[in-house]
Every structure is written in C-alpha cells, then in structure tokens.
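Two complexes come next, and they have one chain in common, subunit A, joined by subunit B in the first and subunit C in the second.
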Partner chain A sequence: MSDQNIFDKLQNIDRRVFYWVLFITLMVPFIYPIGLPVKVVQNTRDLYEGITGDNINPGDIAIMNFGYGVSAWSECAPGFTVCAKALFREGARIVFMGSQYDVELSMNKLMNDAREDFANKVYGVDYVFLGYFTGGESAIAQLATDAWTVYPSDHYVTPDAQIPLMQDFHGWQDVTVVLSSDTGDVGSYFLRQWQGSHGTRLAEIGIAMNGSTDYPYYLAGNYFGLSIGSRGGAELEVLIREPGEATTAMDSINASHLLIVLAVILANVGYLLSRRKA
Partner chain B sequence: MAYPTELLSVVGLWTGWLLMLMIYSYPLYKENVAYRFAEHIFVAIFLAINLVVNFQYLMNTCVTPLLQGNLLMIVPLVLGILIYTMLIPEYRWVSRYPIALLVGAGFGLGMRGVIKPSILDAVVSTITAPSAGTMMNWVNFLYIAVGLLSSILYFLLTYEHIGPLQAPTRLGRLFIMIGLGAYFGNTVLFRFTMLTGRAQFFLQVLKIIPM
Partner chain C sequence: MSNILKREAVFAVTGLVTVLMFVEYFFFPQDWIVASTIRNWAVIIYNISLGLGGVRLIQQHVMGTQRRKENWQFSALFLVAFVVMLLTGLAGYLGTGVATSNGIYNWLFVNVYTPLGSTAYAITGFYIFSAAYRAFRARNLDAALMLVAGCFVILSNAPVGEVIWSGIPAIGEWFRFVGQVPGMRAFEVVGALGMIAYGFRALLGKERGFYAGGAEE
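Up next is the complex of A and B:
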C-alpha cells in the first residue's frame, strides 16, 4: 500500500466519496451563486424568434406537448415555461397536451410558474388542456387529421363541442406552430407526422441527452428552433428577460460538469500512469 | 413558487424530501431497508397512476363514444381485449392479430413521414455548403461531410478494410467513437441536471434557499 502514488489511491477510492463530493458540489452554488454569464446560441434564438414578432399572430393556435415527466422538470420545464409565456404575450392560443402519465403535475407547475400570464387568459378560449394521450405515433398522426377523435374531450372531461378553442382546432391545418418538449420520441412523431407530412412549423425543447440527435434536424430546417436542456432554458430566460429556475441552476450545473471533466482527466491520467508502471 | 402553507402540501413536500433521501441512501451509503421501502413505494405508485390514467383515457376516447352510439369503437376495444389472450396458452395465437396490426400500422406510419425529414432534408443539408456565416460554419460543414462519408465507408463490409480503404475506414471509426462519446457524455450530464433539480429541492424544503 505504501508504494501507491496519488493516482493509484484515486483509482481505488470508494465511489461513495465521489457521490458525496458531487452532491455537495451541486448544492454549494445554490447557496453561494457565482452568476456566470449565459450566452445565447443561434438555435435557441431561432426558437424564440420563431414564436414571437412577425412569426406569430394574435389568435394563432399553437400546440405545446409535454413529452416530459416530473423527473425531467429541471431540464425541460424552464424552456417550456418561457415559450408558453412568449406565445401568450403574442396573443396566441395554446393547446396543451402530453404523453406522460403525470402530465397533470407538469401542467400545474406551468400554471404556477407562469401564473401572471395565465391570470389574463380564459380557459377554453385562450388555452385548453387536453391532458394525457396514448398510442404513440399513430395518435400523433391521427391528431393531424382529426384531433377530436384523439381527444373527444379535454382533461376535465368537457366535450370538445363545448370548448370554444376546440371549434377552431380539428387538425394540422388549424395549427400555426408545434412545440414539443421531450425526454422520449414524441418530438420525432411530430417531425414525421406533422412537419414531414404537412410542413407544420415545429420546434423542440429537448433534453441535453438528445441535443446531438436533434441538432441535425435543426440544421436541415425541420426544426425552426431548438432549445437544448437546462442551458437552453436559461438562454430562453435571458431572451425573455426574466431569470428563472434554469438561470438559478446554471451555476450548479456548470460546477457538476466541471467536476466530471476533472474526474475524467484524473482517471485517464491515473490509468495511463499505472499502465506505464506495469 | 412560494413555500406552501396548507398542511397537506407541507406534508406532501416533506414526504417527497424523505423518500428522496431514502432513495439516495443507496448511492451515498449502501443498500438498506429505507431504500428498498422507497423503491417499492415508487414502483407501486407508478403502476397505480399509470393504470388509472390509461383507464381514464380508454373510457374517454373509446368506451364513452361507444355507449353514445359510435359503434365503430367496438373494433379497437375488441382488438385490445384480444391482446390479453396471450395469457391463455391455447389461445395465444389470437393475440398475434392485433399485435400484427399494431406493428404494421406503426411501421407504415413511420415510413410515410420518415423520407423527407430524415433522408431527403438530411442529405440536402449535408451536401449544401454554407452560403454565408463564419469560419466555424465551414469547419462544421467539412467535419460533417468527412465524418459522414468515412463513417459510411466503415460499414462497407463487402470488402476488407485494407489498401485504399484502410485510412478512410479508420477515420470513420474515429468519427463514430467521437459521436458515441459525445452522446454518452450528454447522457451523463443530462442525469446530472436532473440531480441538480433534486439538490435544489433538498435545499428549498429546508428553507436554505427560496422556493
């Protein structure tokens, strides 16, 4: 044991030590914020500009799909909230729906986080919450051709016929823009069944994990904009000039990423040194 | 969001906080009774909510319209019930029909929309040189072009990767490794962002930082 160098010791360290260090590293920036600047990248700017200004008119219908559950709130919710605020402020009408069984909790969080914007809106006229859907790509395809068959009623079991907004929403031809925020595949269903088949304007508020797979679709113009992970959410908060959850979390996320980079470098240097020694 | 004042909300908040700690006791300490308890609760609640939500959706979209006279709704209902015949060994073959229908419809729908966004647009985007932009746009363009061609060559399995094929296929392997590494890195960092949310929640419940 005595002839072990620092790298040997690091390689044999108990993994729980790393987890503790990580957990503490994540917490410290919340208590002592660093306030690192957030630079807005083009794909996020395109998303924001695509749902504001001349690109959206009062009365336009937007679909916002909750393709994330409670576990991914920190990644998806901030960006999703900014987009809902921006659309409301442009006078757009929003149809909320979701493919996760806990979609009601995500909707409640959104209504709480953007309560000033929701306060000026009338349920059923300015926005509607259709709730959960199942059926995957078939359901999304059917939503494009006959939305009422996928959702005969809203989440609160009010029939479509009694909801003013639903009188103007029957399929893809009534929708100006679709925003999907996903941890899974629903965004790609919209891509194939709405953007690819009907040319509907589509943007993704995705998780960092899917950033590398979503980006080519943004480059090809299939997504008019793309927000990637919590970082994208923080960029959107910069664009709407309302710092929120993502901005607060960015220091912590940066610290955790830095720790991982450091750990990867140390592990590789240690591995190379021990291999040379052997 | 302000710290809740209603009793039920406060109880809910602290229950979530405790269950979270029980789950984290596994990586931070070791497997223990508290972890297993929280794990079982999680799985049970997940299944229960999933069942209720899906049942409600089935009632709203299928059963209610059927009872209101839309007789066509009997078709998906019967097909759905037929899937459960896989639980009876002698009638398992019947379940293959609704499954075949599901797979066929899914495949057909997928194929319908995949050609333009995933093939045509991707190819056009890849082979179109940037008409404007910075030096970085050109670097990206060349990186994607070289990476795409060499990666495709790597999967050219008809010929042995020797001679003129050796260098490009090795380059292709390098690009694939870089791509997979980036994807794996993103996956790990995504989990850390989720953990960030939990760390924030941990401090918020203790009122160390505002909610």
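Up next is the complex of A and C:
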C-alpha cells in the first residue's frame, strides 16, 4: 500500500472514510438547515391537482393504500400525509388500507402527522381504516368487485355492516380516486385491476427507486399523477404550503447527492490520471 | 395417483381458472359470482400459504438450533422473538381484536421493530455511496456516458442541482423522459408479451416447471 501514488490513493480510499464523511454531511443540515427552494415538477403537480379543486367533490370516496412499511416512512409518508390532508380538506371520505403487516404503525403515524385534519373527522363516517390485507393481486381484483369479501370488518373488527362509510363502498364503482404508496408492486395491481379494467383514476406515491418503472405509466395516462421519493413529498408539502418532514430531509438529500457525485468525480480523476501515467 | 395429482390435476385447475377469468373479463364487465368466488379462494389460499411459510420457518430454525449449525444463535434468537411476538400479539387480539393493544407487543413494535426497519433502509445509503465510488469508473465510452447521465440525474433529483447550474434539472429530466422512459417502456411491453407467452405455454401444458417441478416437454 505504501508504494501507491496519489492517483492510486484517490481510487482506493477506505470505505470507512466515506461512511464517516457521509454521516457528518447528513448530520450538519439537521443542525444548520440550509433550506434551498424546491421546484415542483409536473408529475407531482398533476397528482396534487388531481385530488383537489374540481377533480374531487365533497363525499367522494378515495382509497389510500399503505404499500410501504416503517422502513420507507422517510420516502413515502410525507407525500401520503399531504394527500390525506388535501383529500380531507376537499371533504372527501377516505378508505385506508395496507399491504404491509406493520400498516397500523403507518396509520398511527399518519394520524399523528395530520392530527388537526383527523380531529375534524369522524371515524367510520369520514374515514375508515380497514387494515392489513393479504392475497396480492387477487385481493386487489376482488376488492374492485366485492370489497366486503376482502374486508368483512375494519381493522378494529367492527363489521362492515356497522360502519356508515362502508355502506357506500362495495367496489370500484363507488370509488373516485385511488392513491397507492408503494415500495413494491401493489400500485401495479391497482393499475391492472382497477385503472386498466375499470378506468378508475389512480396515482402513485412511490419510492425514488421505482420512479423509472412508474414514469411510463404516468406518461401514458395510467397514473394521473406521480410523486417520487422524498423529493416528491417535499414538492407536495410546497403545494399544500405546509413544510414538513420531507422539506427538512431535502437538505440531507442535497448534501448526500452532491457528495456521491463528488466521490464519483474524485475516483475517476484518480483513475484517468493513473491510466495516463501508465 | 400422485402423478395425476402433481401434474394433470394442477394442469386442469390452472386451465379452468384461467378460462373463467378470461370469460369474466370479456363477458361480465361488472362482476361474475363464479370468478368472484374463485378470487376469494385465492385470497384464502394465499393466507394459508403464509401460515405454512411460518411453520416451515420455525422448522428450519428449530433444526438449526438443535444441530448447532453455523450461526445457530441467530436461529435461537429468531425463535424467541417469534414466540414473544406471537403470544403477545395473540393476547392483544383476543382481548380487543387489535394486536397492538397489548403493551409488550406494541412496545416491541414501536421501539424495536420501527428503528430497526428504518436503520436497515437508511444504511443502504452508505453502501450505495461507497459502491458508487468504487464501481462508477469511466473505463470505456459506454461507461463514461452512463456515468455522466447518472451524475446529471442524481443532481437533478436534488434542489442543489439547480443551484449549481440551472441547466442541470432540464438535462436530468431529458435523460429521464427521453433517454430512460422509452427503454423502460420496451422492457415492460416485452415483459408483458413474455407473460402472455408463458401463460399460453402453461395452458397448453408445455410449461411444466411451475407445477411438476420438472423440465418442459
């Protein structure tokens, strides 16, 4: 190792150095926030406009699917929270459900993050939490045709027959809009079994990694809107004019993204110069 | 008999279900009770398979612990965690219908599971950072192009990109929508066509791997 020149060293920096540099870089913005402006892109704007204004009426039923677990809270929860707030403020009724077994934790977080909006709503009338479902795409298909067979009761084991909101929700015909927030495939199940089959309006609040998979469906009109990762969440917070978790996280996103590019440049400078020397 | 059950019966059930789903899609746009019932069965079978998965998991880890296989301590820890979560969750469920109403279960979920889940996800950022540094090398023209595109897309995804240069978001968006989307479309369309072909082969009995565990005809 000692006979390495500077170019070799640039290419072979110990990974622990990077871990520490990244850790410190991520911490600094939390202590000294930078607050760069977040520009709203069209796919996020389409999502927000699709659930507000003329596109939603008081009393409309929206499905919001928690397709993410606690591990993806940072990416999905902020956008999901803004959408729930926006729908509630338009007077829509929301059916919450989830394909992750820790869905209750995500629901509790949502109720905490949007507590002022939930405070004005009545459980069972304005919103209902159906809880966890299994059955993959078959369950989503069945939800479209006969929702009560997938969920005979809500998460708190109250039978559907005793829940006022469920009297108006039996299948796809009753639903105005579906918002699915996923780390996996559930959004595509809704896409095939609801949007494709019945033309239900559908939007996705996904993780950044799934952005490349989701864009073609957004551009084709299958998704009327699309929020991607923490950035999408921050854009939604800009649109609703309530900075939240995602806006705070943007500083760290800025720092980490910039650092990755700098590291790649550093490694390549070392690589190209060492090759020229050889 | 076992061959009939393993091959012909599975083949017949698969074929029948497929035909029924086709019939519903094309002739019953609202709902068809037959297809709806079968979908309900699918959901039930899915749930049973989850239970079977749990049983198999326990078997595997009990065996690992008993025989002191490599890393058996993790297996033992898994079994303890499994039993504790199962019993406390059941206690909550039997009491109020909600597992998290049990204090121990809820405490473990909120204070152990949640931070572990978040940490596991966040830690990938550190690996990606290190991996990007090691793997993204401009060894040839193709790699150099990918590297440049990657850097623009990364910077366009963060507000700082626009601060550095106002053209970065536009270029990143161009790579995303003009460069990447057509490729992804082709990938998804080809994948869907492949699924159709696979479905037909399965229906015709030519794709035997999924039910007979053997080679195709």
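Just so we're on the same page, the second predicted complex is superposed on the first by the 271 of 278 C-alpha atoms of A that agree within 3 Å, B and C clash if a C-alpha of one lies under 4 Å from a C-alpha of the other, contacts with A are read in each partner's own complex, and residues count from 1 in each chain.
FYI, a contact is a pair of C-beta atoms (placed from the backbone, for glycine too) under 8 Å apart; a residue touches a chain by one contact, two chains touch by 3 or more.
Every value quoted in this text rests on a predicted model; they were computed, and no experiment measured them.
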**Request:** Based on the superposed arrangement, let me know which partner A:Leu258 touches: subunit B (first), subunit C (second), both, or neither?
**Result:** second
Partner chain in contact with A:Arg201 - subunit B first, subunit C second, else both or neither: neither
- Message: By the touch definition at the top of the document, which applies to A:Arg93: first (subunit B), second (subunit C), both, or neither?
- Response: neither
*Mind working out whether A:Tyr156 is in touch with subunit B, subunit C, both or neither, as first, second, both or neither?*
second
Touched partner set for A:Asn112, first subunit B, second subunit C, both or neither: first
Request  = Name the contact category of A:Lys85: first (subunit B only), second (subunit C only), both, or neither.
outcome  = neither
State whether A:Asn268 touches subunit B only (first), subunit C only (second), both chains, or neither.
second
Considering only touches as defined above, state whether A:Thr134 meets subunit B (first), subunit C (second), both or neither. both
Subunit A contact set shared between subunit B and subunit C covers 15, 19, 22-23, 71-74, 102, 134, 136, 138, 141, 149-150, 157, 197, 208, 211-213, 216, 219, 229, 253, 256-257, 260
Touching subunit B in the complex, subunit A uses residues 15-16, 19-20, 22-23, 26-27, 30-31, 71-75, 101-102, 112-113, 131-134, 136-138, 141, 149-153, 157, 191-193, 195-197, 207-213, 216-217, 219-222, 229-230, 245, 248-249, 252-253, 256-257, 260
So, in the complex, the side of subunit B touching subunit A is made of residues 1, 24, 27-30, 49-50, 53-54, 56-57, 60-61, 64-65, 105-106, 109-110, 112-118, 121-122, 124-125, 179, 182-183, 186-190, 192-197, 199-200, 202-203, 208-209
In the complex, the residues of subunit A that touch subunit C are 13, 15, 18-19, 22-23, 36-39, 41, 69-74, 102, 104-105, 134-136, 138-139, 141-142, 145-146, 149-150, 155-157, 171, 197, 208, 211-213, 215-216, 219, 229, 231, 250, 253-261, 263-268, 271-272
Residue set of subunit C touching subunit A in the complex reads 25, 30-31, 35-36, 39-40, 42-43, 46-47, 50, 96-100, 109-110, 113-114, 117-118, 120-122, 125-126, 128-130, 132-134, 136-139, 147, 150-151, 154-155, 157-163, 169, 173, 176-177, 180-181, 184-185, 188
